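By letter and in written order, the chains are A, B, C and D; residue numbering begins at 1 in each of them.
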Amino acid sequence: MTNLGSLGPTGPARLEAAARSAMSGHVYDYIATGSGVEETLAANEAAWRDLLLRPRVLRDVTTVDTSTTVLGTPVSAPVLVAPTGYQRLVHPEGEVGMAAGSARAGSLLTLSTRATVTFEELVEVSGPWWLQLYILRDRGLTETIVQRAAAAGARALVLTVDTPYVARKARRTPFPPDVVSPVLVPELQARDDKGVWQDPGVTVADLAWLAEISGLPLVVKGVLRGDEARACVDAGAAAIWVSNHGGRQLDGVVPTATALAEVRAAVPEEVEVYVDGGLRTGRDVLRALALGATATFVGRPAVWALATEGAAGVHDLLVSLRAELEEAMALAGCRTVAEVAPDLLHP
Amino acid sequence: MTNLGSLGPTGPARLEAAARSAMSGHVYDYIATGSGVEETLAANEAAWRDLLLRPRVLRDVTTVDTSTTVLGTPVSAPVLVAPTGYQRLVHPEGEVGMAAGSARAGSLLTLSTRATVTFEELVEVSGPWWLQLYILRDRGLTETIVQRAAAAGARALVLTVDTPYVARKARRTPFPPDVVSPVLVPELQARDDKGVWQDPGVTVADLAWLAEISGLPLVVKGVLRGDEARACVDAGAAAIWVSNHGGRQLDGVVPTATALAEVRAAVPEEVEVYVDGGLRTGRDVLRALALGATATFVGRPAVWALATEGAAGVHDLLVSLRAELEEAMALAGCRTVAEVAPDLLHP
Amino acid sequence: MTNLGSLGPTGPARLEAAARSAMSGHVYDYIATGSGVEETLAANEAAWRDLLLRPRVLRDVTTVDTSTTVLGTPVSAPVLVAPTGYQRLVHPEGEVGMAAGSARAGSLLTLSTRATVTFEELVEVSGPWWLQLYILRDRGLTETIVQRAAAAGARALVLTVDTPYVARKARRTPFPPDVVSPVLVPELQARDDKGVWQDPGVTVADLAWLAEISGLPLVVKGVLRGDEARACVDAGAAAIWVSNHGGRQLDGVVPTATALAEVRAAVPEEVEVYVDGGLRTGRDVLRALALGATATFVGRPAVWALATEGAAGVHDLLVSLRAELEEAMALAGCRTVAEVAPDLLHP
Amino acid sequence: MTNLGSLGPTGPARLEAAARSAMSGHVYDYIATGSGVEETLAANEAAWRDLLLRPRVLRDVTTVDTSTTVLGTPVSAPVLVAPTGYQRLVHPEGEVGMAAGSARAGSLLTLSTRATVTFEELVEVSGPWWLQLYILRDRGLTETIVQRAAAAGARALVLTVDTPYVARKARRTPFPPDVVSPVLVPELQARDDKGVWQDPGVTVADLAWLAEISGLPLVVKGVLRGDEARACVDAGAAAIWVSNHGGRQLDGVVPTATALAEVRAAVPEEVEVYVDGGLRTGRDVLRALALGATATFVGRPAVWALATEGAAGVHDLLVSLRAELEEAMALAGCRTVAEVAPDLLHP
């Protein structure tokens, strides 16, 4: 197995504590908060822990290989970076640090529409990356963003569909100031009107439009139901990303561990299914794979890591999670990601 | 969507804290208490939270409309005011403040038989209202109340059936003094005998009598079983109000979220079904609608709001809950109350 | 309804606190303790609370009658006194106080084989009573006890079958000294040998022997399974008493609320079934009746009441529980004990 | 019944507290810790407690016999000693003390591959014992160990299969120093290379090899699934030991109480099935027997006992657990281990 990262089992909790003391209370709250009364925030983590593992034994696990591919892109492990906005809030390197750390760990980055970096800055340091897209009320501007992303090398578009409006958060911290610039594209910078808000009128028909203007495969992020996943696939989605926005949009929804099995069962086998929300250990990743996920994404842990040590912190987090997954696979008798299967979970 | 009210997600809890410090311990306890050992008081709130939502995505939710009707009366949202007695205990405006706040929010008021206001005072400020009725041992007096209510413009009679006797409360605070006057009708004021107590001998046959003397549609409040709901409908009830009196009557009963589905399934589709008990957020309201409720009512939150800021507080609470419902509907992909359906709940 | 007793909903907890401060720590521990790690002690109370009630409405509950009979003896309510040993430990009146308080409340007393009173003292003050019997290793002495009890007016024999050995308790307090005298019969007083211990060799065949030497109906106490209950009935038992000795014998067994339904279903309808263990409110009693119990018994609450105020305390406790039952029946729409039925419980 | 041991119901918890104050924090943590975030460590104990007992009554339990056999070896009770490494860490007597205490209690010892004692020292004091084996990367050395064990009188080989790699622990204490010597065989002492690590390449085919070189019956330890147990039996295992290494290997797996029934059902009746993990009372042992275990093993409790009072402590623990089992059997109406059956458990 690879050398273990330095974070250890209690890494995520310690990371969060370290990050917390490295930032203002307002910024910490902005990242940590969930919406509503934070039911879903808590439920996400608990739902992974509730899944009991059934390890195989007496397999030859001399070598364990965590590598896999997402939409054809090879990654060192199915532990990828979820999009989170305004990363310069927590560290001067912002998205550049996140991209560099992710690249060095062999992972894949999802860049938020609300990034505080330009495509040009990003591509200098980044490994493979996808653009997370909000369709803005200003459709022309949306088109600009999509086409620049494609030109800059984005390998897929991730359309987030759980945020027609930004939900009210539990910790009603005023949005931390002075974060408007720099932004993804210069056209966004000058704008302070509702045209740059998410368009609440987006429908499934917009998937075809996006595919056409970008030429990129489409991932739909924020799906929690089998029937909705199926409809997205029928409308052209290449992959489904099961997410409740880390408990930041509609509070009280099913935890993603619960939704994952339903979504996996509803779409054809060749459609990749990803999941995020409350994944904190390599064992959680193993559970997600056993439920049929192609890969998993982490949100807050990556932000805490960036806040604490910039690119190096992000790298260490991802390597540590990969090492934990490797250990978990070995102890469950799985040599490859392909060998992870539903029999590993207690019904 | 409308502008959000100012209370925010943690509004109800903060309201209660504010109200608590605005009143004497005795009065606070009188309102907050449940009966028995307060099992049901706690269970009501928990039961809503236990219902997991399954949002739809990619619906055009540019406009979301929370308005609906109850027994033909239009209301701005299915968040209405439950009857609570003795409102002058908590604020000098008493029921007048409650009515005014409710009216300005486009909601509907249920006036308690134990109101500390006359019909004349009420109608001056009130929007649409119903009279909650206890059939008193003195049937003549009951008839007087019912007929005055009808004459004053009550749009329905709500017969409370869970209180043949007033249950002993957990917090055994002596009933706060000096609240006997003023009352609904002058005939009540002079009386201090058992004739003004609830009649424990009321049966389903009395529904016909009430309909006859009032000419008003009858809502039966305090039903927790399908078979009982059905019997009420067969005896002439126009609507069923699922309630356990906010955990103040028989302690240890099913939470209303549990009872609602059974009741909804037991009565014909055209019979409206309401619910109260432990509803604290717009998401709880969405859950109730998804279980088939026509509308929901709030008890203690409205009292806390009245205590804190009188009519303005009541208005703000109702607007805030409506805004939360609007947000929840948008994030669940529902444009209208009619679009809310059982598929929104995890089985 | 009758006047309510003075204890109120939080009576049992307050009683225990009062009793605790009225006695030495050793004596308190001796009574409060469960066996093992007290899993069953806690589970008994929780299991009643977990049963959700489904009240009927719109019944005429002007009068509610809690009276019933046990093996033909009329009692004012199905809330009776379980046998507990060594009652002079907690109050100088001991069993005499317990009997007097019970008699005045119209209840029925079960006298323990380990009583600190003679039959002669008891019958002076007691209402109807049963003798709880341990078959001792000295069968001759057992016969003496049984026959004196019958002669003194015991209306039934309650054979406790869950105590072939006395289980080790969680709170390992030394047994409080100076409690050996006085005892049930003079023959027990002089004895300090193993002949006065419970006989661990008792079998179902001994029921016939007991019936023969006593001429009394037999109740078997300490049964938690349907098959075992059935076997006792086949061997001549007139009634089954579902009990786990208040969590003082085998720890980790099913709570009595769980066992009751199984036992009730396993024996013919005409066989009475009683239950004890963790019943603390009138609502718990209603739940037990709804599960098919003919009557319920209280152990520790009666001891706390005796400790606090002697016979008067016992009387007040029993009247208070009866009043709570009366209230619960009224609020559930039941006029008589016979009207309490399984439909009152959520499945 | 035998005289009860001196530890009593709260023995295990008090033992751990006593041991904790008798050793350095590092050593305590090394023994107490689980892997990951200690989900399984907690779940093991809870899972036993969740199994509710259904006692039989009116059996003649004048004599209760806890004795049984494991692979033909008679033991005084089905409460045996699990292998734990490096016992000289906690007490100078180390494995010699463990063996002596176990022998005097009529129990059976499992010696760890990571023992700090030689076979020669052991056999001087030990009663019947088995060798727990890790197949090391150096297969020749493995063969040496196995053959010396067989020669020294081991009655079975216990192959641990849940540890191809040593999992990272929650309490990241550095491994306490100066414990490398003395060791099982001199050949291990001189070695500090990876050859003495567990071989992660072990497969089911190695069972035949081990049987051949040792001539001993094989027990496979660390199985949590029926299908895997069956495969081991098909490959020649004489018995299956259900274990998750006391929550020290893959964290988040099924508790052993859950896995036991599945494993028992999957292998032929004549194959013995053992279980360890979180067993702390005689009642837990009874529960395991009722689920079909032939015998149970204790890990940490035995280490705490050794740490506190050496061989005498181990003896007292085992006698106490036997006495608790005896009591539990008597109170459940079981005279012999053979009489313990699934009907004792609530489904």
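In the analysis below, a contact is a pair of C-beta atoms (placed from the backbone, for glycine too) under 8 Å apart; a residue touches a chain by one contact, two chains touch by 3 or more.
Remember, it's a predicted structure, so these values are computed and weren't measured experimentally.
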*Can we say the copies chain A and chain D touch using the same residue numbers, with more than half in common, or are the two sides different?*
different
*Find the geometric centre of each of chain B and chain C from their Cα atoms only, then give the gap between the two centres in Å, rounded to an integer.*
43
*asked:* How many angstrom lie between the centres of chain A and chain C, each centre taken as the mean Cα position?
replied: 60
*Which chain C residues touch at least two other chains?*
none
*asked:* Based on which chains touch which, is the overall arrangement a line, ring, star, complete graph, or other?
replied: ring
*Which residues of chain A touch chain B in the complex?*
35-37, 39, 161-162, 164-165, 167-170, 172, 200-204, 206, 220, 222-225, 227-228, 231-232, 249-255, 258-259
_List of chain B residues in touch with chain A within their complex_ = 1, 4, 8-10, 49, 51-62, 281, 283, 287, 324, 327-328, 330-332, 343, 346
